[in-house]
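Sharing a structure, written as structure tokens. Questions coming.
A, B, C and D are the chain letters, set down in written order, and residue numbers restart from 1 in every chain.
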Amino acid sequence: MSSIGIVLGFYALSGLTIGAGLLVFLSRNLLHSVIFVILAFIGMAGLFVTLSADFIAVSQILIYAGAISVLLVFAVMLTPYASRDNPNSLFAPAGILIGLGFAGLMGFVGMRVIWPQLTGSDLEAQSFTGTVRSIGSMLLGTYALPFELASVLLLAAFIGAIALVREDEA
Amino acid sequence: MTTASEPYVLNIGPQHPSTHGVFRLRVVMDGERIQDIDMVVGYLHRSMEKLAEERTYTQNIPFTDRTDYLAAMSNNLGYCLAVERLADVEVPERASYLRVIFAELQRLASHSMANGTFINDAGAWQTPLMYMFREREKILDLFEMTCGARLTTNYMRIGGVAFDPPPEFYPAIESLIDEMPTRIAEYTELLVDNEILIARARGIGVLTAAEAINGSITGPMLRASGVPWDLRKAEPYCAYDQFDFEIPVGHTGDCYDRFMVRLEEMRQSVRIIRQALDGLPSGPHKTEIPLALRPAPGEAYARVEGPRGELGFYVVSDGGPAPARFHIRAPSLINLSLLRQMAVGAALPDAIVTLGSTDIVVGEIDR
Amino acid sequence: MNPLVIGIGHYLAVSGAVFGIGIAIALSKRNAIAVLMGIELMLNAVNLAFLTFSRFGSAFGSEPTAPLAGHVFVVFVLTVAAAEAAAALAMAVLVYRRRETVDLDRINLMRW
Amino acid sequence: MTAALDPIRAARVPLTGAKLVIGVIALVILAGIAGGVGFLVVSGALDGHWYDLRDLGIPIAHLRGWLDEQNKAQPAQLHDLLGDHWISYLTTALIGAIGILSFVGGVLLVLIWVERRLIGRIQVRRGPNRVGPYGLLQPVADAIKLIQKEVLIPNGADRFLFFLPPILVFIPGLLVWGPVPWAPNMNYLDLNVGVLYLIAISSLATIAIFIAGWSSNNHYALLGAMRTVAMMISYEIPLSMALVAVVLMTGSMQLSQIVQWQADHNVWLGALMPLALFTFFFSSTAELNRTPNDIAEAESEIVAGFRTEYFGMKFGLFYAVELGNAVAVGAFVTAFFLGGWSLFGLEQWIPPYLIFAVKVSSVYFVLVWLRGTLPRFRLDQLMAFAWKYLIPINLANTVLVAIEVTAFNHSSLPGVVSLGAIGVVNLVFTVWVARRWARFLGYRPETEHVLHPSLQTQVGGLRAAERLRASS
């Protein structure tokens, strides 16, 4: 993918995503870090668009920026003032090291391996113009069982969450 | 297991769209539920009852305008009745009829305001209020025509009324009285059958008859609770015993019943005004009394059925030109006193609707 | 690697970086909600990798729709993430109610 | 006397001869223009030319072709870097963005006036009529006043989070205008996941409102924010389900395709699926915080809800976004349910975007009308309505529509018959299910309905009250 728009978009969006991710780590205030995590989700959705995954990108905004972030903010609100800062634990140095190590490893692997990837005109030819229909037929065809399982999972999580947080009526 | 959510204090007022004046509710809330209500009054206190001891009986009439500023005529009337009883002043027949006409016009205006703001508190974006204001405007024009003022009328006098209405008053009131039933039908059509209003007001702020009587609630609130009590019938003053009208009585005592009782009372007021206009006797409109009236030592209490309830005036004379003691039984204050009982445990919007249905006037609460 | 021709490597590097940030957050934060945010970031990074391979490699499948299998997996990951967020946040709230804290260092009843 | 007191009646000016003549002349001129245009259209002289202004997409397409011609002449280096079409892409993107933004901005300025005048008329008063002719400059005056206001931050507010929300709600408020199908060729952002995009974008505003309420450090604001979030999350579900029915019926998530389907079949989806139309409209009013669902900024209860502490231009942004979203809802109701730019073939004669604008205005008028008429629900009533009522019956509706669509796609009946049958079935289903389900949930209009006060002539106390109670 060498068209200038996609290249610029890729760098801008990856910068946005990684920067927002770092700010999630660095923010002192938990609510600020929720804002930054939403920003990272939106940047990620932009990266999905550059991969011509329109359905996934929009779903990402819908689910992460629209739903999960509201859950996060609600959870922050439901906990007291005192725990609205964002402190590091004793594991912080180890965690940062592991994170850096993993990022370095992935970067190294990604950059060094010669991937059997499509390039040039083949890639252009494979650009997905409309993924929705195919994803839909796959979800209800090849992957029907996992799809049903996922819905059962969602239902279980739904019921579980309600059962956990529900107050006794009596 | 219970939630760890903490109750918090919400100050509704003194500046708030639905406290109808400077009045403050200190509400302890858990989420949207009300746990406790503290009513803080006194922001508008002007010490009227004490000030009245420094002024002559006639000079006190304008003060009564400014207690319940939405029902100045009724206040004038109650005070004048009390002083007349104290000083044994006779009132001419025509003055009694005029008093009835103006008191009922005032009731129409006040109930328009009450119902309009009630719907406003229930969330309608001012339209019913503006509709009701349209008729209230016309009534206030009639007041202006007769005594020069719209709100603080200062119209009743000890021994009668200040002025005979001018000739153009009669066609204007005729057309108003002819028009009023259609207007009330219009409100009925717009509001009474409204699903949202029923959902918001049915079963909210319920007062049973026993509770209402225990709380010495009076007026439309008492009648909405199912008690057929109206001073105009129970203890007729002025010329009310000569008119034919009925007392609307509610069924459950919720906010919706209060609204309906007020609406029905407006119809009955129109009926009374019609009869009073038809039977308006000729004659003097006032008994002349001395400028500085000095009643014999004694005390008197007169009560009228104001738009908000029993409006009582207690006057004690020591033989001087000014009352020795003066007290007003303000129905707003007493009706408000049960707000806590009605609203605790309800949600915040219900409390606001309940407050709207009690129809308070802060000038009367604080005096 | 030509920086002006974006390929699998670039996306994988971004994915790795976001995943690393997610790991760092999940491991080093004391607040349960912050940890959850880290996990969500890691899931996002995985989604990016899925979509990258799906976009760039038709070599991994023969059917015409096979590349979109990556998208289907991402749909499942999104589902799981949503379910997980709901359940985890419910647990956080519950833990807070019981123990008056969401500090993971102090929720140590099951340590040993 | 009474006539002078009635502002509307007093404002009515008698029709004079001069006005009549001017009106007749204007009508004649209009008829002439219409006739000329009609002749042009019928003769086919317009079709596809760049001056075919019936659909602004056609001139833009011509412009793109011309720009691509120019693009070939650029230096080879630039061409390698930027490709074949960059000039035309850039230009048309700019034209579209500027066009939409200026349209929305202009419409907002006018609509503030329109809404206030309409509400004034509904409320038997005149509305703004002092600034400029007919008060038309009132929105400008309002904006100037708002801009002039001092920027204050409430004590104890989170500065960063307090400034963020007006911007955060403004962005989705603009983005939502992207996929609006103005005319067959006028789609700025014709995503093939347009419906999903709309839902996603509208869900972004939730978090902004939540932050606004929280960061203000005010109980009213927090209550308003909680109410908004609860309501928006709840009503997103019925809203999406109504759109699922639309997508099932038309077989596309692309807004232009949805409108095209309605144009092809000469039917409005709102007529085919009244339940979906109602659900979408009602849920939209909830998302918009408009009456009867304006509990989030319930003036009589919580002052102004989440924006209690916002004033000046920050409040202005909230207000503008709210109004803009109301118009956008009008646009989407039109596109999804009222046939979009199509009008049973008349779109050949009348520019489709004008048809669209008229439909949007009528939906907007309904919104204003509701605002001027209805009281507001309570939070728990709205929640119960969404979860207990709208969601179950819309689930049933979705299943029904799925069955109907399958039958429709496999049947060889003419469209009038099959679509008519679908419409009738859906209407019957809607009425029946709506009533049955309401009954099932315990709605009893016979017993809970209007109870007129009983009229008494005898006074009494508690015993009389008990007697009355026993007798009724």
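We adopt the following convention: contacts are C-beta pairs under 8 Å (C-beta built on N, C-alpha and C of every residue); 3 or more make two chains touch, one makes a residue touch a chain.
Here the structure is a predicted model, which means the values were calculated and not measured.
Ranked by how close its mean Cα position lies to the mean of all protein Cα atoms, the top chain is D. Counted by C-beta pairs in contact, the busier of A-D and B-D is B-D.
With centres taken as mean Cα positions, chain B sits 63 Å from chain A.
Rounded to a whole number, the gap between the C-alpha centres of chain A and chain D is 31 angstrom. Taking each chain's centre as the average of its CA atoms, chain C and chain D sit 37 Å apart.
Look at where the CA atoms of chain B average out and do the same for chain D: the two points lie 43 Å apart.
Along chain B, residues 1, 3 each make contact with two or more other chains. Residue positions of chain A touching 2 or more other chains, listed in rising order: 55, 59, 67, 74. For chain C, the set of residues that touch two or more other chains comprises 96, 100.
Residues of chain C touching chain A in their complex: 1, 4-31, 33-34, 36-38, 40-41, 44, 47-48, 51-52, 54-59, 65, 67-69, 71-72, 74-76, 78-87, 89-94, 96, 100-105. Residues 1-2, 5-6, 119, 122-125, 219-220, 223, 291-292, 294-295, 298-303, 371-381, 448-462, 464-466, 468-469, 472 of chain D are the ones that touch chain B when the two sit in their complex. Listing the residues of chain A that touch chain D in their complex gives 3-4, 29, 31-32, 35, 38, 54-55, 58-59, 61-62, 65-67, 69-70, 73-74, 77, 129-130, 132.
On chain A, the positions that touch chain C within their shared complex are 1-2, 6-7, 10, 14, 17-18, 21-22, 24-25, 30, 33-34, 37, 40-41, 44, 47-48, 50-53, 55-56, 59-60, 63-64, 67-68, 71-72, 74-76, 78-80, 83, 85-96, 98-107, 109-113, 115-119, 122-123, 126, 128, 131, 134-135, 137-139, 142-143, 146-147, 150-151, 153-154, 156-158, 160-162, 164-165. Taken in their complex, chain D has these residues touching chain A: 81-83, 86, 158, 160-161, 164, 191-193, 196-197, 199-201, 203-204, 206-207, 210-211, 214, 229, 233, 236, 253.
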